[in-house]
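Everything below concerns the one structure shown next.
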Amino acid sequence: MDFPTALVLNAIIAGLLLGGLYAAMSVGVSISFGMLDVVNIAHPGFIILGSYIAYIVNARLGFDPIAVGIVVSPLFFALGMALYRVYYLCFERRGQESLRGLAFFFGILFITEVALILVFGVDYRMVSAAYQDTTMRLGPVDFPMRLVVPFLVAMAMVIGVEIFLTRTFFGRAVLAVAQDSLALRLMGVDTLRVKEFAFALSIATAGMAGVLLVVIQPVQPAIGREYIGLVFAVCVLGGMGSIRGTLVGALILGLAESFTATFAGPSWAPAVSFGILLGTLAFKPSGLFGR
Amino acid sequence: MSNRAFALVVFAAAAGIIAASRLVTNDYYFSAAYTVLQFVILATAWNILGGYAGYVNFGSAAFFAVGAYSSVFLYRWVHAPLPVMIVTGTLVAGLLGFGVGYLTLRLRGVFFAIATLALAVVLFTCVVNWDYVGGSRGAYILQPKDLPFGLKRYIHVLFGAMVLMAGVALVVARTIETSAIGRGLAAIRDDELAAECAGVPTLRLKILAASVSGALMGMAGTTFPYYLSYVEPSAAFNLSYAVNSIAMPLIGGMMSWMGPLLGALLLGTVQQVVQVTVSSEWNLLIVGVLLVAFVTLAPNGIMGWVDKWKRRRK
Amino acid sequence: MTPLLRVTGVTKRFGGFTALDGVDLEVAPGERLGLIGPNGSGKSTLVNCIAGTLRNEAGRIELDGRDIGREPAFKRVHLGVSRSFQIPRPFASMSVIDNLRIPILYGVKAPVTLDAGRATDEAMRILDQVGLGEKAQAMSAGLTQVDMRKLELARAIAAKPRLLIADEAMAGLSASEVDDILALLFTLKERGVAVIMIEHVMRAVMKFSERIAVLVAGKKIADGDPQAVVAKPEVVSAYLGQ
């Protein structure tokens, strides 16, 4: 039997391109969970929210979804700040960590999903962008623009976040807060504002990731929950709080899902990310790049 | 009240409820009661790990579905009688709880919670791909023609079974709560590190709680295929189970067996009313909002208010 | 006579930072050892390694000649090692007496079929001993600092230890409160319980210890008679910072 070169190559390319999207979806969790220790499982809810906002503006006004995403980012940023305020006042300050915070975010995720169902129904929605139907060909390998454009934007965003965190003052304050909040407070830094900013950033990335998602595939409200495992799998695999780790983890997961979909069938794909998550948690919880 | 006395009271009440139900003629009430009882079992079960030990399980639907699908499997395979289905489903779900617990309870509570989320999706995918139990097309389960105890309608049998199972769940929960194990779990919930340093075998107790909790949640699902006569994955893995098994103990109060019972009865009844008068989506939205409201403003639930009021009177 | 506790060459690293570097320590049965050293010298890390809440990368920890390095923390409690925490960690949802029931039920090797009455009696006995007898029903979360410290120690005592490690039990307390705690620790002597006292309150350390060990930057730099040790130039400079 001929070695299915074309199939494998395409699976690799699709996997890598998908991995870019996954990185965009997970970088926010890397910040909120990996650095701030806030278990925001409502993160995918904000991703889907971004998808639906892109959908609605695109459907009504015809604007390019990615452009919409960029314009709407400040909105998500503000939303993130508000959400963190509530979380901080009700949970972190009282020291009632895990249980309540988890239940809180679960409730938020839940409310988001049901609200979307009420407004939009359970049908799949998609956007139409100019480049979605174009596909570049390089020998046996397809490069669908539907995947390539979001990949490029995702990469830009993730690299942008990494540069921000490592090169700017405020970004480094975020990294510092992750390591030693008390020391930072003693040095006179308002850690609450730093954390608030970081969390807001994570939600902003979620909104943008949602826009990229809906360019790639149609969405419906329940998808959010399916991506929880993926987003946390990437974060844990990559070692919690390492942006580079998140990128690598995302690419690995993208490849794993792509190969599963190609060779075992697409209905098994959701199980892959969760399976990897369970496996990582059970056997190497510090992840590949873990501290 | 000793646990033995409590068990007697509970089963006497169960017998009384079943006897009283003979007077009800409208089958709708049996159906509604079935759903509320489902929630009583789920909420009570969830609370054993969530409330007593402080480890949140987001995958209640997975354990519930395991109970339901093991019944489907037994039906397809050997047409097993209901009691066999119930016991098997409970054991299989308990095994699942043990397995997941063993793998992930040695990590922080947060990772356990995420793992349970993952579990629900993995199992859902497996069930969807498993043709023997119907896969995504679903499976038909026919209710038996011969009914025991001279009952006329199968929903009455199911109702009776659920009342008894609810009794079992309550007795198990209270027995754990008042035993040394319950104290150990409470210590784990309050401060796991201090508990470990006081000699509490934290991992062992957590795995025990996870197994019992999972088993009871599976028990709640074992009669579900008969109730619906037709089971497909999205019914068994319904979002409503996931959110309600957390919301009900939270709203009722997580420190004792009374909270989940109260929360399930209250919230379950409210939902039945809303579902019929408005819609099931609004229903879920209301539950979600209540969950967030209670967790931020009244984290000890209704029983928490009661305790506070009692203490103020002293 | 075999030492009760023998720590040999214990090393603990956190990433690139070496918190403990080849520490040796011995405690005889019933001995009162003071462990001092500047902040960050690794005292709490050593306690955590002995108690089992941290795993050391290298070295041995032996109790009565038996290697306990692989045992989980709760097993070490059963074997006789008990510790109190620097910052008190009460079981906040429980009353004072219920806090004590936990180590009474679980502190010794299971299964413990202690009926409720016996457990209550024993708890009250210990509470009276530490001076919390009247506050038995009070919620542990609302106690004063010094009462919380007493509860910490009461909990550690209730596990019937052969070795008790008191981690800065007197930090921030007034002179008379320090005396209270000190008196409490002295009563352990009657029961033959060895005590490692980690403290900065030098008055208490000097009064209490039969021997003093000094930890600086993860290394033990002195170990012996209290008067001799505190007179050593290295010890003085470590504290005054040269």
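The first chain written gets the first letter, and so on, giving A, B and C; residue counts start at 1 in each chain.
Heads up, the rule we're going with is that a contact is a pair of C-beta atoms (placed from the backbone, for glycine too) under 8 Å apart; a residue touches a chain by one contact, two chains touch by 3 or more.
Fair warning: this is a prediction, and the values are worked out from it, not measured in the lab.
Enquirer: Of every pair of chains, which is linked by the largest number of C-beta contacts?
Expert: Highest contact count belongs to chains A-B.
Enquirer: Taking each chain's centre as the mean of its C-alpha atoms, give the chain farthest from subunit B.
Expert: Ranked by distance of C-alpha centres from subunit B, the top chain is C.
Enquirer: Distance-wise, how many Å sit between the C-alpha centres of subunit A and subunit B, to the nearest whole number?
Expert: 32
Enquirer: Report the inter-centroid distance (CA atoms only) between subunit A and subunit C in whole Å.
Expert: Roughly 46 Å separates the two chain centres.
Enquirer: Considering subunit A alone, which of its residues make contact with at least two other chains?
Expert: none
Enquirer: Which of the residues in subunit B end up touching subunit C in this complex?
Expert: 180, 183-184, 186-187, 189-191, 193-203, 255
Enquirer: For a test of understanding, state which residues of subunit C touch subunit B in their complex under the given definition.
Expert: 51, 53, 72-74, 77-78, 82-83, 85, 89-94, 98, 101-103, 105-108, 110, 112, 155, 159
Enquirer: For a test of understanding, state which residues of subunit B touch subunit A in their complex under the given definition.
Expert: 50, 54, 56, 58, 103-104, 107-111, 113-115, 117-119, 121-122, 124-126, 128-129, 239, 243, 246-247, 250, 281-282, 284-285, 287-289, 291-292, 295-296, 299
Enquirer: Touching residues of subunit A toward subunit B in the complex: what are they?
Expert: The contact residues of subunit A facing subunit B are 39, 41, 86, 90-91, 96, 98-100, 102-104, 106-108, 110-111, 113-115, 117-118, 222, 225-226, 228-229, 232-233, 236, 265, 267-268, 270-271, 274-275, 277-278, 281-282, 285.
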